[in-house]
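Take a look at the structures listed below.
Okay, so chain A shows up in both of these, paired with chain B first and chain C after.
Take a look at the complex of A and B:
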């Protein structure tokens, strides 16, 4: 029975979540592009690659925009959170090894201690965003239950993964929760507000294009 | 509520490891000399338990010999380290060695639906 559970979560469900993520992402980006072409053509005609990249560059470098400098703590947390969120799963030894076993390809991996610290950074980031949502009036006003749910969904694979990595009691359950919540998180990216991962280059690129090409102004 | 009860039951069941009915002497530590630096705790391997297991046909299931890529039917490699054949000085050599260990142990556990398959079930900190 246990082997069946482990097999399902680490076999077919991995594929299902990857396909949902990849196909869902393509669908969201293309359907949004078609919608823009049909209903909001200005977005496409104003798009300018130079201004777009200039804006994206200023917003992916910490403190390169006025808004980021005005909120130094939020900027530090947001950057460290996102960097650790994306890099830790890709360069975790345990993950690299599983891919090595399946496909016989491998790449560089993080020392365990660094990976632990990066995982804790993600969890700490979630707690920071949680408290921020609860106490800052302007954020609280825009918050509903789904925001807390999405925060929990991000924290789940990292918290359970950290738990399992420390070999704390309930290891087997922690690992099953880790795998399952990771799959749900990955599959949910295209279909929830996590889709900002897909749309960021386009929304930022458009803002940069409009400010650079039309208003002749900086947007950072 | 049901979910919580199920998870609780899972926790209890998954924590109950079958008692190992052999003395410490029958449990070997897999400590291949090619692993200069351990990234995970070395595996405590119940060798005797595997030796008497009827689902394992012969010692050569693990202690196999290949010559020019062909399996030698009555050959065995008892007393040799896996790395004597499965390790060659090149990039990714350690990952390749880890891979063959994992495929041999975990691969069989998956096929037989018996024995540990999660990382920390073999690489135990205690």
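Take a look at the complex of A and C:
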């Protein structure tokens, strides 16, 4: 029984989630682009690569904006959270091996100890966001159930993956939960607020273009 | 009396925001039928709600980082209802989730939020990591209110004036021409032979002012005329509609009138075959001409160069068309108006003028792109007396910022924007700051050499 489930989640469903992620992302970005061309042509007319990049750079380099400098702890957590969130699954030995097995391609991988630390960083980040959400009035005011749900969705594959990697009791169950939740997370990116990953370059780049090109001012 | 004519005596003691007495929102909203609301909203969401609306709403991570940007939030004891994303949540977010099926009470509240709790100042864009434009979202809400006919009456009155007369203050044509002649006559006593050219073709400069100038601040026309004449500029104003560059329709959500107003303004300048528009010291007018109106007309940029007074004065001083012979001796600080600094990047030029004309300069903090709004902008002051008290209380941080600048020595605030003057005057009075406010033209007029060789030369030509 466990074996069957394992077979399904680690076989066809991996494909499904990857296709949903890739095709979904392309669809979201392209359809949004088409909508912009139809109803928000300003976005396209005023987009300016130089100013877009100028703004994006000021917001993906830690502490390059005044807003980030004003909240040093939040910035540190947000950056380490996002960096570990994206890099850990890509450079994890277990994942690299699985990909090598199926496609016979492989790349550099993280030493286990470091992967463990990065996994814990992501989990800690989720806990930080959770507490912040619960106790800071201005964040709580913006929060509804979906925000907690999304945080749980991010934490799930990391927590269960860590559990499995430590070979703690219930390894099989943890692994199945891990793989399943990982797939759900990946597939959900284009269709939930995680799509901020796809749209970040556009929202920031557009504002950067407006500020740089039209308003001749900094936006960081 | 204040410039806007409606300042009341207020006591500093009360804590909570006062109850607002504006029945126009209630009256207008109570007339609405429920299906009318959803029909109007659905139509607007479909026709005008495009990629920006969708992306902003979906991308917002609900992180609250924008809160610290907003003076409404900071001044109201960090009440999250006043944070940028908080205002979005109470308005457009729910409107979209309910697909427009919202109640009359909801529309009243949304109207109050969008018109009187956000200045469209875009400071929050500098604090949101995604650059989500809350001002755009609040304009969308105002647009909905406008289409429902639910708009605070004082600002709607200015919009009506714009529609009927193409100026903001119901100034009639003869009154306008009279004002120009009157100012010309007065200024001739100081500078014999001075002229305010009206409808003169092929002048280099089309000079435009805003409606409140002939109405309340005619001395600004006087000063501009002196500066133009002393510098020997080739300039003209127009007697016809189009002399007023202001645009309150931009703030009521009336995009169609916004575009018509700008069209009339541009056409007035083009009809006279002038080479560029020079505008007086106004912020929202600058935004409407250089950033908003041209877009609604389908133009990426204005059809002829548009120059704000700051750029113009800077040019005159650097080219030595006017000579500064003495410096303003009281210590000054500078209030960066949102629409020409965050919206026009004129902050360094402004400091350049101060450097040339003022003895002693104190920066207020934060400054430049990060300066706090005066809380008059975005049409809030134009919503009139019912909201004055709320407006002033909702900008305690501005008072703190000014008080700091004062403790560092500043006595005079330079604010090259009409709305900022109105807003800061009220703040100074309410918080008993005892500072005075000036335009650049006040300073330059006072410090320039009025016997420049160019002056006599130009005047001789007439």
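Methods note: the second predicted complex is superposed on the first by the 220 of 220 C-alpha atoms of A that agree within 3 Å, B and C clash if a C-alpha of one lies under 4 Å from a C-alpha of the other, contacts with A are read in each partner's own complex, and residues count from 1 in each chain.
By our rule, a contact is a pair of C-beta atoms (placed from the backbone, for glycine too) under 8 Å apart; a residue touches a chain by one contact, two chains touch by 3 or more.
Note that this is a predicted model, so its numbers are computed, not measured.
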Superposed partners chain B and chain C on chain A - clash or fit: fit
First (chain B), second (chain C), both or neither touched by A:214: second
Touching partner for A:35 - first (chain B), second (chain C), both, neither: second
Partner chain(s) touched by A:200 [first = chain B, second = chain C, both, neither]: second
Which of chain B and chain C A:101 touches, first, second, both or neither: first
Touched partner set for A:142, first chain B, second chain C, both or neither: second
First (chain B), second (chain C), both or neither touched by A:16: neither
Chain A: partner with more touched residues, chain B or chain C: C
Per-pair minimum CA distance [chain C against chain B, superposed on A] in Å: 30
Where chain A meets both chain C and chain B, residue numbers: none
For the chain A and chain C complex, residues of the former touching the latter: 32-33, 35-36, 38-40, 42-43, 45-46, 55, 59, 65-68, 70-71, 74, 136-143, 147, 193, 195-196, 199-200, 202-204, 206-208, 211, 214-220
Contact set on chain C toward chain A in their complex: 47-52, 54-56, 58-65, 67-69, 73, 78, 80-81, 83, 85-86, 89, 125-133, 290-291, 295, 300, 341-347, 369-370
Residue numbers on chain B that touch chain A, as the complex places them: 7, 10-11, 13-15, 39, 92, 95, 98-99, 102-103, 106, 109-110, 113-114, 117-121, 124-126
Of all residues in chain A, those that touch chain B in their complex: 2-4, 6-7, 93-94, 97, 100-101, 104, 106, 112, 164, 167, 169-173, 175-176
